[in-house]
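Same chain, two partners: chain A is paired with chain B first, then with chain C.
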Partner chain A sequence: MDKVMSNKKMIALYVLPALLLVLVLIYVPIVLTGYYGLMKWDGIGEMTFTGLDQYAKLVRDAAFWDSAGHSLLLAAFSALSLLGYLAAALVLAGEVKGANLLRKLYLIPMLLSSVAIAQLWAKIYHPTNGILNTLLGAVGLPDTVEWLSDTSIVLLSIFIPIIWQYAGFYILIYYAALKNIPTSLVEAARIDGASPLQIALRVKLPLIAGVAKMTVVLAVVGSLKYFDLIYVMTGGGPNGASEVMASYMYKQAFSSYDFGYGSAIGFFLLLICLAVTWLIRKLTSSEEVQYS
Partner chain B sequence: MSQRLAAARAEAGPAGRSAASPVLKTLLYAALALIAVAQVFPLLWLAVFSLKDTQEIFTKSPLSLPASPKWENYEKVWTEGNIGQYFFNSVWYTVAAVAATVLLASLVTFALTRMKWGWKKPVLGLFMVGIMIPIHSTLIPLFQMFMKAGLTDHPLSIILAYTAFNLPLTIMILLGFYETLPREVEEAAVMDGCSVNRIFFQIVLPMTASVLATTVIINMIYNWNEFVFVNTFISSDTLKTLTVGIQNFIGQYSADWGAIGATLMISILPILIAFFALSNQIVEGMTAGSVKG
Partner chain C sequence: MAKKSTSVLGAAALASMLALTACGGGNSAGNDAGGEAANAGAGSGSAEKITLKMMHLWPAGSSKQQNMIVNDIISQYQSDNPNVTIKQEILENEQYKNKLKVLSASNDLPDVGMTWAAGFLTPYVKGDLFAPLDDVLGGGLKDSFVSGTTEAYAVDGKTYALPLELNITPVYYNKAIFSKYGLEVPQTYADFQKAVDTLQQNGVAPIALGNKDRWTGSLWYMYLADRLGGPETLKKAIDRSGSFEDPSLVQAADEVRKLVDGNAFNKGFNGLSNDEGKAEFLSGKAAMYLMGTWELPNFTTNESIPQEFRDQVGFFKFPTIEGGKGGIDSWVGGPGVGLFVSENSKVKEEAKKFVKFFVEKWGEQSVTKAGVIPATKVDTSKVDLPQMYIDILNELGKASNITLFADVQMSPAVAQVHLNMIQALFGKEVAPEAFAKQHEEALKQDAG
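After this line comes the complex of A and B, so read on.
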C-alpha cells in the first residue's frame, strides 16, 4: 500500500498541474500587484521605481475613499440583509408546503450573469417606461424618480438588484443548515413548552452559528470586492456616486492606464479582504455550538 | 423515530401547537409568496417586453401585453450581430475550463486524501486561501503575463484563468466527499498490484460521479456568467463570450427595447433551461459551494 501510494513521481503528476496553475495565476500575480504598486507605470513603457508614492497617493485620494465608503456601505447593507434572509429561511424551513419549489424560485436570479441583471434592472429603473415608476404611480407614489441618474439615490438603486441577485442563495444556505438540525432537539424544546419564536432564537440559531458566520464572511468580502453589476449598470457614475473599490481600480488601470496606481489599489483591496475575513472569524470564533 | 415524534406531537396537543395563530401563519405565507413574486416577476416582464415592438414599449403601459408577439426581435438580434458566435465561444470556453478544473481538482484531492507525502498542509492551505483572493488583485499582472506570452485576445487566457480561479472551490467541495469514501476497495486493489492510475481512474473517480456532477454544474454557472476576465483579456469581437458580447451589442440598440430584451432572453435561456432540468442538482451544488469561506 505505502509503496504505491507514496510514489513521488505519481504524487507530483497528480498535484503539480493544479498547484502550478494556482501558484502562477493567483499567487504570483498578488505578489506582483504589490510590487507594481511601487512603480510609476503606464502598462506599456518603462517602469520607474517610486517607492511608496502610489500608496501615499492612495491615502490622500478622496475619490478612492469615497469608493471605499460605498464598498463598506454595501458590505454593511449585505450583512444586515442576512437577517432578512435568515427570517425567511426560518419560516420556509418550518412546515411550509411547497418550500422546495419556493427556494428554487428564489434562486433563479443567482443563476443569471451580472450583465443580464444590470441590463434588466436598467430597464426596470427607466424613469418613464420602467415598471418601477409605473407601479409606484399606480399606488399614488411619486413616479418620476431618476433611479440611476440621481446621485443621492443611485447607490441604493444599485444595492437592490444585488440583494435580488443573492437573496435566494443565502436563503438556500440557511434553509439547508436549518433542515440539518436534528428534529429531536426541536421536538424536545417544543415539549418543554417553548414557543416557535423561542425555539428559533434559542435552539435553532445557536445550532447554525457556524454557517451564519460563514455567510457573514461571504457577504462582507463579496461586497468589498463587488464589481460586475455596478461597472455594467452605472460605470460608477453619475459623477462617482456609485463607484466602488474594484470599479475604481479597474478604471485607473484599464481606462486611465495608470497601472502602478491600479496595482496599489488592487493590493490594498487584497489586504482589506484578508484582514476582514480574519477579523470576522476572530470576533465570532467562540460561538460555535455542536449538536452533541 | 417517527412514531415517537407523532406521540410527542399528540402529547403537546393542539394547545401546544397553536402558538403560531392562523393569521400569523397566513401573513408569513404571504411574505414567502411575495419574495417569490419579487424574484420571478422581473424575468417575466423581460420575456414580455422582448416580444414587443418599440411603439408598444414607448406608448403603452409597461405592464401591458404585446398585441401579438414580435418573434422578429429574436430573429433580428440572432442574424444581425455575432450572438451565434458569442454563444459558441461561451459553450466551448465553459466546457474546456470545466473539464480541466474538475479533472485537475480530482487528481489533487485524490493525492491529498489518499497518497502519502509531506507538505500536504501547506499545499491544502494554498488552495483554501485562494478562495478569498479578489480577482482584481491579480488582474494587472495576469494581463501583463498573458500579453508577454502572446495569450491576450486568445481563448487560452480565458480557459486558464477560469480553471485556476475555480480550482480552490472545486477542491474544497471534492475534499468533503473524498473523506467519506470507503477505502477498502482501493486497499484491496493495491494488494492486487493495481497502479495508482488504475485505482484513480477506474475505481475512485467513478465513485465520485455524484459530487462531480455538482462541481460541474457550479463551475458551469460561474464560467458562463463570468465578465471581468473576458472584458479585460479579449478584444476581438469574434472571441467574446455571450456575457461580454451582449454588453457591447446592446449598446447599438439603445432605444430598441425589444431587441435588447430578445438578446437578454437568448443569453439567459440556456441557464434557465438547465435550471428547470437539473434544479435539484443545482440547489445541491449551490449549497455545497456555500461551504467555501
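After this line comes the complex of A and C, so read on.
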C-alpha cells in the first residue's frame, strides 16, 4: 500500500476524478460566468462582446447597490448573532440539565428545507391570520403590522427567520469545539479559583478562536450570497425593499433574460465574497493559542 | 402565462444557473425524462419512418387531464399515420423554460414544443429558432381561432406558434356577501366604488389580492387603463406609437391609488402571494377577486372546494367608467401556451401537420375534459359544461377586444420595471406621474 501511495502517477490517478469534477462543475463555470459578463446575451440568441459595459452598468446601478446594502446588513446581522450562538453553546457545553434536548431543539430548523421554513414564516407573518399578529393583539399591542409588505420593516422580518434557520448549525459547531477542550484545563482553572465567567472568557474562548474565525467567515460569506428565504418569502419585494445581491442576479438573468448582466453580477458577487473573506482573515489573524 | 405559477425552489434555481453555464455547450440530452408515448402502429406503414420529438409542460402528476388529452391525441395521430412515432419529453413549468433555453443555445430544440406569446417568444424568433406557421393557418384553420389570439404569437406579421389556451379575466364575486349587504352587481365604476365602500365599512375585505406576484395588481391597473383610455392607449404606449404619459394612463394609476386609500384590498396584499390572496376569497373573507378563467374549475367542478362555496360565486365584467373610452366587452387576458415548430427540425413538414392536427383535436376536448378554454372557438350549444363556463364562453364570443397581459406584451426587461412599479404604486411608494415616467423611460431605453 505504501508503495502505491508513494507513486506519483498513482496519486494523480486517484485525485483525478474529484479534481475533474471540481474543475468542471465549479471552476470552469466561474470562468465562464466572468466571460459571459463581458457579453450582451439574452440566453437564447447570439452573444455580442461588449467588453466591460456590463460591469460599468453595474457600478452605476442604484438598484444593485441597494441590494448590496441589504446583503451587507444581513452579513452584519449574522455576524452579531454569532455572539448569541456562542453564549448558547457555552451554556449547553456546561453541565446544564436538559442540554442534550435543547441542543437537538436548536438543530431542528437546520433539518427543514428553506422552502418549508419560508412557508412556515410566511404563515407566522400573515397580516390577518398570522400567529404573530394574533399574539400581539392578545396582549393589546397593535395587531395590524404588515410584516412582509411594509417596506420599512420587511428586511428585518426576513432576517429573523434566516438567523433562526442557522442558529442550530453554529451552536453545533461551537458546541463541538467547546467539547474538545480538555477538561483538565478547565479543572485547573477552577482549582485556581476562576469563576465560570472567567473560565469561559479566559480559557475556553481563546482555545476555540480558530473555530470562531471560521464561523465569522462562513456567516458573512453565507449572508452575502444568501438567496433562498428571501426569494420564496418576498421575491425581493415590495419593489426591491428586500432585494439582496443573489436575488437581484437571479431576476436579471432569469426574469429579465439579461444573462450578460446577470453573469456580471454573479462574478462581482464572487469578487466581493473573496475580498470580504480576505479582509476578515486579515483582521482576525493572530497566533492561535495552544495549551497543552 | 398559464397560471404563472412560479415554482420556487430557490436553491435549485441558483444551481441551475451553474448547470446552464456548465452544459450550454454541447448537451444534446435525450428523451429520458418523462414518459414516452405508446408506440402504436409499429412495424406497418409504407412511407419512411419519422420520429417527432415533442416537449411539453403537462406532467401526469400535476396536470393530469391535460396530460391525458395529449396522450390521446398522440396515439390517435400515430394510428392515423403508422409511419410516425412521437416521443414526448415532459417537464414542469420552470424547468421547461430553462431546458428550452439550454436546448436553443445548443440548437437542439424539439421538433414541436410549447411557448408563450409575445415577449417570451420574440427572442426565439429573432434567433431563427421557430418556424413561421402561416402556411398551416391558411386553408381555414385561422378562422377557427378566436380572433386576436394567433396575433399574440406574431412577430413582424408572421405567426410563429398556434395557441392552445385562452384566458380572460372576469371579476369573481361572492353572491352571499353581496346579498348580505344589499349590493348589486356594479354596472358602472361609481357603483363599484360604492360597493367597495359599503364592504369595507362593514369590515369585509372588498377585494382579494396577492400582490407579491405583482402581475395580479397589474390586472387591476390594466382594466382601469382600458376603461379610461380605451384598449389602444396602453397597447400603443407599449409598442411605442404612443406614450405612457398619456393622461388616461396616469389617471388609471391614480385610480389604483384611490382604491388603496379606500381600503379596497385585503390587508398586507403586497406581501401575499396570489395563492394567499385567493385564499381570502375562497374562505369568504373577501368579496371580489379579479383573476383569469384558469380559476373556473375552482368555482365549478373542483371537488376539494365546498359545493356551498362554489355555488356562491358569480362573475361580472369590469365596470365601465363614466367619460372613459373603454367598453364593457373589452377584456384583459390572452392566450397561454402555444405550439411551435422548430426552424431546424429535419421533419418540419410532418411537425407542422401534427401541430395542425393537435390544435384541432385539442379544441374539441380541452374545455370538456380539462376545463381549459382553448384558443379555438367552442360551440357552446354542443358541449355539456357547468353554467359558468357556458357564460364565459358566450362572453368570449361577444368580446370586442382582448388586451394581452401587460407583462407578456412587454419585453422581459421592461416587464420587470412594470411589475416593480405596480408593486410600488399599490404600496403608495410612487406617485402616478412618476409611475408613468418610469415606464416611459424603460420603454424608451428598450426601444433604443
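Operating definition for what follows: the second predicted complex is superposed on the first by the 278 of 292 C-alpha atoms of A that agree within 3 Å, B and C clash if a C-alpha of one lies under 4 Å from a C-alpha of the other, contacts with A are read in each partner's own complex, and residues count from 1 in each chain.
By our rule, contacts are C-beta pairs under 8 Å (C-beta built on N, C-alpha and C of every residue); 3 or more make two chains touch, one makes a residue touch a chain.
Keep in mind the model is a prediction, meaning the values are calculated, not measured.
A.B. asks: Both complexes share chain A, so when I overlay them there, do chain B and chain C fit or clash?
C.D. replies: clash
A.B. asks: Return first, second, both or neither, reflecting whether A:Phe227 touches chain B, chain C, both chains, or no partner chain.
C.D. replies: both
A.B. asks: Between chain B (first) and chain C (second), which does A:Ala176 come into contact with in this model arrangement: first, second, both, or neither?
C.D. replies: First partner only, chain B.
A.B. asks: First (chain B), second (chain C), both or neither: which does A:Leu102 touch?
C.D. replies: first
A.B. asks: After superposition on the shared chain, which partner residues are touched by A:Ser152: those of chain B (first), chain C (second), both, or neither?
C.D. replies: neither
A.B. asks: One more residue to check, A:Gly240. First (chain B), second (chain C), both or neither?
C.D. replies: second
A.B. asks: Scan A:Gly266 for contacts with chain B and chain C and give back first, second, both or neither.
C.D. replies: It touches chain B and chain C both.
A.B. asks: Output check: A:Glu46 vs chain B and chain C. Expected answer is one of first, second, both, neither. What do you get?
C.D. replies: After superposition on chain A, A:Glu46 lies in contact with chain C alone.
A.B. asks: Using the superposition described at the top, determine whether chain B or chain C touches more residues of chain A.
C.D. replies: B
A.B. asks: Going by the contact rule set out at the top, does A:Asp258 touch chain B (first), chain C (second), both, or neither?
C.D. replies: The answer is second: A:Asp258 touches chain C but not chain B.
A.B. asks: So, A:Leu25: does it touch chain B (first), chain C (second), both, or neither?
C.D. replies: A:Leu25: touches chain B and chain C.
A.B. asks: Just name the clashing stretch of chain C against chain B, choosing from 218-226, 272-280, 308-316 or 398-406.
C.D. replies: The superposed arrangement places chain C into chain B at 272-280.
A.B. asks: If you lay the two complexes on top of each other, which residues of chain A touch chain B in one and chain C in the other?
C.D. replies: 24-25, 28-29, 32-33, 36, 43, 114-115, 227-228, 232, 246, 250, 253-254, 262-263, 266
A.B. asks: How about chain B: which of its residues touch chain A in the complex?
C.D. replies: 5, 8-9, 11-12, 16, 19-20, 28-29, 31-33, 35-36, 38-40, 42-43, 45-46, 49, 57-58, 61-63, 104-105, 107-108, 110-112, 114-117, 123, 126-127, 130, 132-145, 160-161, 163-165, 167-168, 171, 187, 190-191, 194-197, 199-200, 221, 224-228, 232, 242-244, 246-247, 250, 257, 260-261, 264, 267-268, 271-272, 275, 279, 282-283, 286-287, 290-293
A.B. asks: In the complex, go through chain A and note every residue touching chain C.
C.D. replies: Residue positions touching the partner: 24-25, 28-29, 32-33, 36, 42-46, 114-115, 122, 125-128, 144, 146-151, 154, 227-229, 231-232, 234-235, 237-240, 246, 250-251, 253-258, 262-263, 266.
A.B. asks: Sort out for me which residues of chain C touch chain A in the complex.
C.D. replies: Residues 8-11, 13-14, 17-18, 20-22, 98, 101, 104-105, 123-124, 126-127, 129, 211-214, 266-273, 276, 280, 285, 412-413, 415-416, 420-421, 423-424, 427, 429-430.
A.B. asks: Can you check the complex and tell me which residues of chain A touch chain B?
C.D. replies: Listed in rising order, the residues of chain A that touch chain B are 1-2, 4-8, 10-11, 13-15, 17-19, 21-30, 32-33, 36, 43, 88, 91-92, 96, 102-116, 119-121, 123-124, 129-131, 134-135, 164, 167-169, 172-173, 176, 183-184, 187, 190-191, 193, 195-197, 214-215, 217-218, 221, 224-225, 227-228, 232, 245-246, 249-250, 253-254, 259, 262-263, 266-267, 269-270, 273-274, 277.
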